[in-house]
Each structure stands twice: as structure tokens, then as C-alpha cells.
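Contents: one structure, followed by commentary.
Just so it is clear, A, B, C and D label the chains in written order, and each chain counts residues from 1 on its own.
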Amino acid sequence: MERIYRDPVHNIIALSEERPDDALMIRLINTPEFQRLRYIKQLGLALYTYQGAEHSRFTHSLGVMHVMTRVLDHLGKRHRISEEQRIVGRAAAMLHDIGHGPFSHVIETVLRQNHEKWTTRIIADPETEVYQCLAGVDPGLPGSVVEVIEHRYRPAFIGQLVSSQLDVDRFDYLLRDSLMTGAKYGNYDLEWIVHALDIDEAAGNIIVSSNGLYAVEEYLQARFYMFRQVYFHKSLRSAEAVLMSILRRAVKLMEAGKLNFVVRESVMERVLAGEQLSTSEYLKFDDHDVMFHIKQWTRESDPILRDLAGRFMQRRLFKVIDIDDDENARKAFVEEARGRVSRLGFDPEYYLVADRASDIPYYSYYRPEGKGRIHVERDGRIMDIADVSDVVRGMKGYALHRLCFPAEAASLIIQSVIRPVIR
Amino acid sequence: MERIYRDPVHNIIALSEERPDDALMIRLINTPEFQRLRYIKQLGLALYTYQGAEHSRFTHSLGVMHVMTRVLDHLGKRHRISEEQRIVGRAAAMLHDIGHGPFSHVIETVLRQNHEKWTTRIIADPETEVYQCLAGVDPGLPGSVVEVIEHRYRPAFIGQLVSSQLDVDRFDYLLRDSLMTGAKYGNYDLEWIVHALDIDEAAGNIIVSSNGLYAVEEYLQARFYMFRQVYFHKSLRSAEAVLMSILRRAVKLMEAGKLNFVVRESVMERVLAGEQLSTSEYLKFDDHDVMFHIKQWTRESDPILRDLAGRFMQRRLFKVIDIDDDENARKAFVEEARGRVSRLGFDPEYYLVADRASDIPYYSYYRPEGKGRIHVERDGRIMDIADVSDVVRGMKGYALHRLCFPAEAASLIIQSVIRPVIR
Amino acid sequence: MERIYRDPVHNIIALSEERPDDALMIRLINTPEFQRLRYIKQLGLALYTYQGAEHSRFTHSLGVMHVMTRVLDHLGKRHRISEEQRIVGRAAAMLHDIGHGPFSHVIETVLRQNHEKWTTRIIADPETEVYQCLAGVDPGLPGSVVEVIEHRYRPAFIGQLVSSQLDVDRFDYLLRDSLMTGAKYGNYDLEWIVHALDIDEAAGNIIVSSNGLYAVEEYLQARFYMFRQVYFHKSLRSAEAVLMSILRRAVKLMEAGKLNFVVRESVMERVLAGEQLSTSEYLKFDDHDVMFHIKQWTRESDPILRDLAGRFMQRRLFKVIDIDDDENARKAFVEEARGRVSRLGFDPEYYLVADRASDIPYYSYYRPEGKGRIHVERDGRIMDIADVSDVVRGMKGYALHRLCFPAEAASLIIQSVIRPVIR
Amino acid sequence: MERIYRDPVHNIIALSEERPDDALMIRLINTPEFQRLRYIKQLGLALYTYQGAEHSRFTHSLGVMHVMTRVLDHLGKRHRISEEQRIVGRAAAMLHDIGHGPFSHVIETVLRQNHEKWTTRIIADPETEVYQCLAGVDPGLPGSVVEVIEHRYRPAFIGQLVSSQLDVDRFDYLLRDSLMTGAKYGNYDLEWIVHALDIDEAAGNIIVSSNGLYAVEEYLQARFYMFRQVYFHKSLRSAEAVLMSILRRAVKLMEAGKLNFVVRESVMERVLAGEQLSTSEYLKFDDHDVMFHIKQWTRESDPILRDLAGRFMQRRLFKVIDIDDDENARKAFVEEARGRVSRLGFDPEYYLVADRASDIPYYSYYRPEGKGRIHVERDGRIMDIADVSDVVRGMKGYALHRLCFPAEAASLIIQSVIRPVIR
């Protein structure tokens, strides 16, 4: 029998129970570990900025597996790809995000989780159904999938397809995030790129045929703009700043035994208490835990947590300004702002959040073994894309420094004697 | 200043703070009541069937308002539409779902809520920000918006656009649900329909110009298929059956004082206890409350609730079969199935759920004042669409009767002496 | 090496010179016979009604071949399809329109050509490059391709895919004509249908899996609306009526030795003279010949031809009215109209054109060997779609009777004592 | 009554006979001068490279007018735009290509026509229906439309919208050519750009709001890639080279009285004879004339013209190579190639064509009055886009030098002692 998963981005994702590799994918999808990804939003708080960004890591992960399948189908027309490579590659593509927790970007900073470690841990833990599904096919399979994710698997192109500067993860998320946010920056010609992918058999690397150069340039630009306009959007970062303060305050109250509301024996309680989680505990953690607790905290007795939770729920987020690139000027300004925020009665520990976001659109050369580099074929030679493309060389890295604080403090801070805004 | 909301369906939804009607829409969007809709999924549990159906009532409601604006812009080229009509119509379009709670289809059955009553109550309650925003423009405005929703406002076309068989609610949800589910059945030519809408000034009704007939036929077919293939999908109804049993069991345990986990003083506690909610309490209720509690109930001591919650979280839903249309045969079969489920140790109260879903693709004549009917212009006369369209007359109503039960009982029930499956 | 043909409908059509079947397709594309299709518009005069309908039979034919490839790829996952079947099927799909001349619908009526006969003649004539390409692969191949087109090839499903009520020709033209005309009626879910196609091995027929039923209904509706709204559009039929009169007048003048302008020894001269064409002569005939001659005829001395050519070039087409279904009433009315047109000084032979267009959206049963019928799988049985689908049964056949005449005569005719207009 | 033109790019283009500006547009569309554009392909010979590029200047011109309307509607929400400005702007947008002849890029080089001069001449010639339509509204209107096209009209933004580096012509053709060729490089976010356009009232210039910067960058990149990948495509330029040789040979034979086939008293005869055409003669000239004559020339007695015409009709085009940027090296190589082509018996006059194509993606500063420059608003100041955008500064101009010759000479030329190929 065939299972069909319809998808807003890729239309039909069909898996046949008769094909061993497809059958494994179906079983992996049905594990509770993979199902949990339904409850974790792909873009966390981005929906406060782009309201359509409500999609989960589940739909994304399915899409990543599907694109991997298409790429392997294409490569398989020209190169021999073993059944094992195919299974390992598809499983790794689908599971690459399995360790993500809720609002990873924020939670990992405050609560010192690391989704990448969790991913390999979940795959390698014999207690998980994911492990059991994989090992049911071949006892070495969980290990091989981890190797792919950690770039130790050979041939290297399997791992490169799963994560590099030209990987199926980005192939899916640029299109998906573009569609869902409505911010069309992330569109590029996936069909053409898939068509232009090839394998450099000698090195075992993924390469791009010369006729794919422009499409890859377009893809890198799409990524560049998505970072600038979506992932680093001021108001998204502002929502994250508020969430960060909420969690830091909750941890603080927890430590002091002053947090009134936290569900006893829940994963949230253990996370806030900074305890080590077992795999099975971690796997109970999702957006609902965080959102439900914040909603209850709007009734907390601690005025700071109560206020921050209220701001969050009603989307009265912090104001954000760009501040100077110069480090000394920046420090002086932040110091000044801290004083001003305090004077208004806000604890700067929670009401003044410095944020830094930086991106390098394409980095060459300095990654070992070419893991991340994009190789293109040109007149029979294989070259780094930066060596053949003006456009790629022209895309510059940048860092954004920002300061987030309550709107009530905005006029006071912006009128500071030290000029903050550079952009 | 202009506020731009990018949307996966409609692209740019632009509202200008300088225009009074737009400014009111912006203020309404920013109310906590409207923000709450972010936390209520438009299609409830449909995501277990169509994984992309993760969108909320927030994005839909914004879309409905936008389509209303476009329709009014179009009609305004040919007819005089007053500023008041415009404001009332757009506000009603945007707020028409404001009373929805989480998983309405299920919750309203079990817990006897009624989202339509809540909608008018929220709009008319002077404590809500929605009321205050509306009344800030004109003290009579909240009342007028309620009149539109209850089809008492004149001219009638405003109310017809908000809810009828050809309304902006459906215009948005067919396209949106189609896109998100990936089940393209709901596509139709919105541009053309908007273009073909007109007003019968004499009666104050919305009519469709003769060149819009085919597009409206296509729209009615789109709706028909969406009901068959999405909204009435077996596995969606199965998920709803499980949720229904969970809630009914939780209520039962609550009554008996045996529900271990429920957050004290939370809205969930009051809902399960069957208490009357104040507006402000109801407005705290969303998907997070339900999902968080179900997740905790996987650890309940009551074996039924624990089992059902586990099935739900891991998506081991009930098996569903279609059963006979004949009422007597159906009753006999259900009775037989009840016995068999019991013999397997399942309490049929929770493990055998009869489901009925019916649709009439287009109903003519029997709605008062033509509220719901679709009128088309033909050779200068205004006629009911069923009188001019073979296609519309050909679309037949139907009712589906189904029985839901654990997969473990499937073979036993399907091999019943009484033949159940008709389709 | 790979040849990539980018297509507005199907995006990438890739053919590899290394694959024998692809290599043959590339060679067929490059024959002068296939290249000629660039100069024949797919929808003839439809561009006067839907200005975007400027696409040629070349792009359509390429698309048909591509869809055939996709269908065969899909079927090949479940059934054994021989290399020969694949080559024959793809070649037949690509060449099915090779015999079309310019403005076939009109030209074939006036000048008694028959594109279907020309198609098989071109494929079977050893002088053509098409024949030589095919025979170069296998001397029996031209014959097999003809067999497919004439439904004598076995297994039958190959011929059914090339032409039937569910064939790759329609799959392509509905989507393409929809896109190009902008009249979105022809959209349907091609991906899903391709996915739902299967082979009934016992009978050798194409069947549709049960999950494809709705998509096929949608496809039949798409076809239905395209006929009503595009292919039978009044103003398209009016343009054809004028072209028909032009050609009939030119033939008449030719016979009388009074046609001043016709390029000597050109294919147009031979066609107008009613001579038998050799294959190589026929293959020189395309839209340019017709259009160039009409343009010159705006300077002819014969007033009728000059006037008609001028109307055509400046798109001052005939007025069209629908007339009564009743045959007697119709005849009486046409007789009356003939008199009135004459009284205005127009020769009714050229200035009064009766037009009939009829369609049966789906016909069951009365085609031999099930060639044209659509079979669907339902609960393990194979049934005619009309037996399982209310929608298909509901789509009724119809015939349109129209009368075309100069706009100058409109008021006179419409005010005729005999009432003509029924719709 | 409303006239609706459906369009593959813009969907519905609706014009109302009741609105004076729309009514004028309808009348202009119906002029024979505008109808002629149906017979002139927008991209000339590009269809030999991208088979879908079969669209005409008619559909494009309609699209340009439509985009102009949308831009003016948008600007009109914020600024006062007079009825006259609106009419002049829309008419100029629609008529900006009215002077184009067939295959302009080639024909204008060989036969010394100039479509821009013809455009203003057609608009200003009292004999044309276009002139009469315009003058019927206001005797000064034809003159004003010419002023817009020649950038003498004030306010300047009207002319800038019609032609500049950010104009409605490009807005339409990038999207249209992208769709039709299937080479998706030309996509960009038109909705967003239209939304971001504004008027600098002081200078009367079009400016882009700061939130439109990225969309304009994307638009400039789209244009850049379309030039590289479509308009300058090697095989398109090769087809043009063959057409150029055909026409140059025909002119030569004409001069020598040795051209057997040319339709007497046709516009083609006068064009080849180098005669001055009257407006009404020029307006008879379209693709059919050129294509029909080339087809006949496949039977000419002159071996060069016969051979070239045969190559063209069967698409056996010239081989093209890129040659060195260095002028001296290039000259030496071309000289060498000339000898080798001759030795094979080909007259290098017709069988060796040097081609140069160059593009500057964005030029700043050196256009008078800022006609062509793109101004963006940034922190309240109006700046040249090159001053605020790294991306724009990064797009470099380039020139391509190529040599075209028969494939038969390829090996000989490519093995030349002087190395030609640089790319």
C-alpha cells in the first residue's frame, strides 16, 4: 500500500509500504519522537512578525526527507548509489532536527540545551522507537545515521546533502518559510538545482554542474534575504528577547523557591530547575509546555515575571534599535541605556537585552574537508563557487547589534546623549 | 504609517494608520481577544491527516477581512457604500470567529460551549478591548457589528458577505485550507468571482453577474470536495472521536473527584467542571490548555483516560468504518459492535463512537429572506443559481454514518454477523 | 549530454543523449516535420478572443511527450513496461499532431484536408525524416507508432494513453490552454492523476485507482468548462466563420481564374486549387502561408474577398447569436436572415454562416473495446466512471447552434419577426 | 459594459466602457496599428532556444498598460494625479512599442529602421487610427503622449514610469518572458515594488520607499539574469546571425536584380529595396512577411540565400563561440577564422558573423535629469540606489564577444592556432 502525504510546498510525498526504504520512513514518521515535532514550531516566535509562520518542524522534516529522495533519485541516474546509502541518507535527512526542543534559539541559550547533541542521543538511545525502527533494519543503522549527521560517513556526499551550505535542509526551509511567511524572498529554482547536482566520484563530494551556477547564486541570495528579512527581523528578535527574560526570571524564581506556578513533576519543572533530563523526559518537551506556563504566569505574584508574561501573551514586545558597530561606542551606549531603564523602574537584568545576529552568506576555504563548501564544475575543473562567481564574492557578511527594551523607555533611550542608531 | 501583513494566500494585506477604517482594523488585530486566535488551529485535528494544516484562526480571520475589503472596493466602484457600512462590514468579517474556542467541533459537543454566542458576547461585552476599540469609533458600532453577524443589519448584502453560501469566510478558508493541507480541491477563481459580484439595489442583496456563473459553480464544487476529502476525512473524524472520549472521561472523573491532574484555578478546570465562564475567563482558553492537559493525562491513574491520552499523543487513533444508511440496520450493527468491544475489555462508552457527517452542497429556497441563497443575474433577471445551473442542481446532499473504535477491535467488528460496511 | 527544454507548464523537460529513447526524441524534435509545428498555432484563431493563446502545436507536442514519459515512469514502478513499448508510446505521443495544418478546424472543412490521415502518412512515408529517425532505431517502428495512433497496438493501454477520454494529449492541452488563455477553467491536479493511474493487466487497459476518482472528476469538469468557455467561445467561432468565408471565396475566385494574388508554385496555390498534395508539399504548409495571403488579399480587386480579408486583419469579426434548438424554427429563422442579409447587399453565401458546436463531456459504453472509456477501480472491481460518479453522470451533453453575420446586419436580423435568440 | 482581457501574467485586465480613460484604452486596442502587434513576436527568434517564447508584443503591451494602471492607482492613494496625467501615462505605456517591426534587433541593423522613431511617428501621424483616437479625446493628446515617450512631459514621473531603469515595460516583460520561456530567472515581487513606489513631489520623480529596497535589488538581479540567460543566449544570437546574413544577402541580390522571389508591391519588396516607407506602408510589416519570404527563399537559385534560408527554416543554426576580450587578439582570431571559413567554400561575408552583446545592470549618475536612475528613500533622504545597496554596486557590467559560423567549420576554427575561447 502507498501512503501519501500532501504538502503545501512539494505537493505529493508518496511512500510505498512495499519498498524497504519507504517502509522504514513510514515507521520513522509514526514514532512518538517524530510525532513530537508537530508540537514544535519551525520558526518559533516568527509568527508574531509574519503571522503565517505557524508551521512545525514535522512538516519541514518530512519535506527534507522528500527533497533528499529526489536528489538521490536524480544522482542515481548517473551514479551507483547503494540501497544502504539511500536508507542512511534519507533517514538522516528526516531525523536531522529530531533533537530540537521548543523555541530552540532562546531555550538553548537560557537553559543550556543543545539540540544537535539531543539529535544524536535520540537516534543512538536503544530506548527510543526511532532507534528501534532503524536497528530493526540493520543493527548498525543507528550508528550510520549518526555518522552521516556528524560528517564521518563515507562517501562524504551523503553527509554534505544533509548539512552543508547546499543541503536539503535549506532546500526545504527556504521554500517553506518563504511560502508560509508570505515574504517571498526565499524562492529559488529547486528543480533546476536538483537537476544540476552531481557527484565528484574521485573525492566523493557533491558538485554543481556548470549550468546550475546561476540557480545556486539565486539560492544563496534567497538565503541571504531570508536571514535579513525574516530570521533576523527586528520584531522577531524582540519577541525572543522577551521570552529570554521570562525564562531567565522563572529560573531565578525557581532557584529562590518563589515560583508559584509550575506543574509538578512536569518536564518544564525539571528544565527550569536545571536538572539533567533523560531522553524520555526530553522527548516530552514541546511548545505547549512553554506556552501554557507563560499563560499561567500572567497571574504570578512576582511582578517582573507577571509583567513579562503579560507583555508576551498580548504581544506588547520590546522596542528594538540598531546600535553602533564600534565596540566601545556600543558599550558606552548600553551602559547609559541601562541607567535610564533603571531610572524608569525596570530591572535592566530583564528589561534591557543586547542582541547580536550575524551572517556570512557564503564562507569558503576554512571548513575542513570541504564539508560546507559549494563546488561547481567549470570547463571540466571543479572549483569553489566563490572562485567563479562575482555574485557570490559580492555577498558580504555582516553583524547586527541591537538593544531591546520596553517601549515605555524608548524616548528616554533614543534621546540619550550618546547616539545609538546607525541604521 | 502603513502596516503590512504578508499572507501565504493573499500576499500583501496593507493597512494604513491614516485611514480611519484601516486604523480600526489594526487596533482590533492588536486586541488580546484577536491575538488569542493565534493559539486556536483553524482545522483543529486535521493536521493528523493533512500534516500541513497547522494554520490558526488568526491568519484566516485576517484573510477574511482582507477579502471583504477587496469585495467592498469592487462593489464601491459601481454602488455607493457608506463609510459606516464599510467599517461595520470589515469589522464583522474580521471578528466573525472571535468566539471560537479550541477544537470547537469537539469541545462544543462535549462541553456545551457555542462559539457563535461567544462571538456576539465578546463583541458586545464592554469589558473587552474589541468592544472598546469599536465603541471608540462610534458607541453604536459594537451593536451594528452584532447585527451584521445576526443578519439583522440593513442593507442585507453586508451580512450576506459575512455569512451565506457565498461569503468571504468561505472565500478565504477554501483557498487557505487547500494550500495548507496540500489537498488542492479547494481552489477556485477568487479574482473572477470578486469581479462578478454586484448588488441588487432594490432588494439590497448580493448578486452574481452572468459572467460569474461558471466561477461560482467551480467554487461550490471546491467546497463540496473539501468537505468530502478534508473536513469529513475519516482519520480526522477518528481523531475527533478520541478527543471526544478523552474529554468525556475527564469530565466524568472530575465529577467523581478522581481527576488527578488539572491545573488549579485554570480555565480548563472550570470548563471540565461545567461551570459558567465569564467572558474574560473564556478568553483564556485555547489549544495549549487542551493539549497540555492531555499530555499530562498520559500519566493519570485512571486507566481509560491514561490509555486514551496516550493513543492521542502518539496518534494511534481509532479505526473508522462507514456503516449502513438504513437506520434500523445501523442500530442493530452498533448494538452488536458494542457487545464485541465490551468483550475485548473496552468500555463502549469511550471506545465506541458513532459519528455522523452530512452536507448539502447548495440549498435553495428554504432560507428566510434569501440570506443564504446565491442569486445570479441572467438576461436581466435575478434568479436562484439552482434555477440556471445544471451543475448546481446535480450536486447532491449526503450523510455519512461511521463507527469509530480501537484498531484492536477491528477484525472482531468487521467480521460481525451483521454486515456494516457500505462504502 | 543532456538537452533541457524549459516549459511554462511542466518546467524542466530533460532528455539525455545517452539514453536510447531520449536520443530518439531529440532526433524527432529536430526533424523539419516536427519543427514545422512551431508555425502552427495550437488554438488557431483563439488569440483574437484570449490574446495570450499564441502558443504553437510544437510546445504542446513536446509537453504531451513529457507527460507520457511521466506516466510511463509511474506505471513502470508497478508493471513491466518494455523498452519498445516505452519508445513507441513516447514517439506516438509526440507525433500525434504532426499532421496538423494551419487553422485545422477551418481549413479541413473548406479544403478537405484531414490531419489524422496526414499524421499517419507523414510517419509512414519513407521520405520524411520522422520516418527515417524511427526506422533508424528499428525498421518496424514507424508501423508500430501508426498502430498506436490507430489503436491497433497491444497492449492497448499505450494507445489509450495517447488518445482516449483520459489521455496525455488532454492532460497537456487543458493545462497549457488554461495558462495561456488566462481562462483558468482548465486547471486540475495532474500530479494526483498521474499518481492514480494503473494498468489492468488482464485487459491491458489503463485504470484509475479509487483514490483518483475525484481528481478525474475535476479533470472532466475542467475539460467541460474549457469547451464551453474557450474552444466554443462565440467570438472565436465568429473569427473562424470569417476565415471560412475568406477561403471559400478564394477557392471560388481561383476556380474562376480571378484570384489576383496567390504566390505561384506555392503550397497555398495548390491547396486553393484543390490539388492533391505530396507529403513534402503538405509539410511546407503553415500559418504564415494563410496569414500572408490574407494580408495581401486586403488589396484584391474582388470586393468580397477584399472586404472579408480587411475585416479579418483588423479583427472586425462577425456578430454571433445563439439560435433555437428546434430544427424547424431554426431553418425558418436562417431563411429569414438570409433574405435580410441580402437586402443589405451582402452575399449570404459568405456573409451568413451557420455554426454548430456540440460536446458530450463523457460518453460511456458505445466505444468499441473500451478505447475511450474511463475505468476506475472500486472495492477491487473495475467499473466505468459513469457507474460510480454522480458528478460524471450529471455532466450533460449539449449542442450550440449559432448564426454569424456582419455587425451591420445585426439590428435587422435580431429584430426579425421570427425570434432567434434562445440564450 | 466592461471588457475583460484575461492574461497569463496578470490574470484579469478589466476595462470599463463607462470610464473615459478605460474607454480610450479599449479604442486604442482596437486600432489596426495596435492589432498589428499580434503579429510581431516579443522575443523574435528566442523561441528556437526557449520554445515557449511565442508571445507577441500585443500581449506584452496590454500588460504594460495594466501595470501602469496599477502603479497609478497606488500612487493616487497618496498623491493627486490628474485625469490627464493618468490618460497620457496609460496611453504612453500601451503604445510605447507600437513602432516595433518584425525581429527588430536584426531588421533594424540590416535595414536601418528605428522602432523608436516609428513609435512617435505613428502616434503623431494624423492618418493613423491611434492618432485619431487620442485626438478625439483632446487634440493635444497625441503630442503629450509623444512628450512622455521622449521624457519631455512634466511631471517627470510619468515618463520615468514608461521608460527608465525601473519602468512598467520591464515590470511586465521580465515576468512575461520568464513565464513563457520557462527560464524562471525573471521572477521578482511585483506586488511589493508597486506597493513601495512613491513620488518625490519636489522633484516630480519616482522614488522607492525604504521597505522596497530588497525587492528592487531582486528586480535588478532578475533583469541581469534574463539578459545573461535569455536575451543574450548563444543560440538565440546564433539564430539572429543567420537571419542577418539572410537579409543582407537578399538586399544584395535585390540590388543586383537577382532576387527571384519577392512579392511585388509588398512592403517586403520596398524594405529590401531600401526605400523610404510611408507610415501606412510600415504598418503592414510584420513577422509573416519575413517568415513567408524566407520559406520561399529555400527555393531561390542563389546558392547562398537558398542555403541560409534552409538552415534557418530547419533550425540548423550557426555554431557560436565566445572570443577573447582583448581587442587585438580578437581581431587576429577573426582574421584567421575568416580564412578558414573561406577555405571551406563559405563566403565569410555571410558565414562569419561577429556578435557583441553588453549590459550594464545598473548605471548611476550619468543620465541627465535622473531619468534613468533609481531613487530610494532612506532615513528621510532620497538617494541613488547604488549609494545604499551593496548588491547593486556588486552587479558588474560586461561585454560578450562572439563569433558565429556554420557547424561544418567548427572543428577547423576551434583548432585554430590562435586560441579563441575564453568562456
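Here is the rule we use: a residue touches a chain if its C-beta (ideal position, glycine included) is under 8 Å from a C-beta of that chain, and two chains touch if they have at least 3 such contacts.
Values in this document were obtained by computation on a predicted structure and should not be read as measured data.
Colleague: From the centre of subunit C, which chain's CA centre is farthest?
Modeller: A
Colleague: If I rank B-C and A-B by number of C-beta contact pairs, which comes first?
Modeller: The comparison resolves to A-B.
Colleague: Take the average of all CA coordinates in subunit A, do the same for subunit C, and state the distance between these two points in whole angstrom.
Modeller: That pair's centroid distance is 51 Å.
Colleague: List the centre-to-centre spacing of subunit A and subunit B in whole Å, with centres computed as mean CA coordinates.
Modeller: Taking the average C-alpha coordinate of subunit A and of subunit B, the gap between them is 32 Å.
Colleague: For subunit B and subunit C, what's the span in angstrom between their mean Cα positions?
Modeller: 45
Colleague: Please set out, as single numbers or ranges, the residues of subunit D touching at least two other chains.
Modeller: Each of 11, 192 in subunit D touches at least two other chains.
Colleague: Taking the complex as given, what residues does subunit A use to touch subunit B?
Modeller: 5-8, 11-12, 30, 32, 35, 38-39, 47, 50-52, 54-56, 58-59, 62, 179-183, 263, 266, 284, 288-289, 291-292, 295-296, 299, 313-315
Colleague: State the interface residues of subunit C toward subunit A in the complex, per the touch definition above.
Modeller: That would be residues 4, 11-12, 14, 191-192, 195, 211 of subunit C.
Colleague: Using the touch rule from the top, collect the residues of subunit B that touch subunit C in their complex.
Modeller: Within the complex, subunit B contacts subunit C at residues 184-185, 187, 189, 192, 214, 218, 221, 225, 228-229, 390-391, 394-396.
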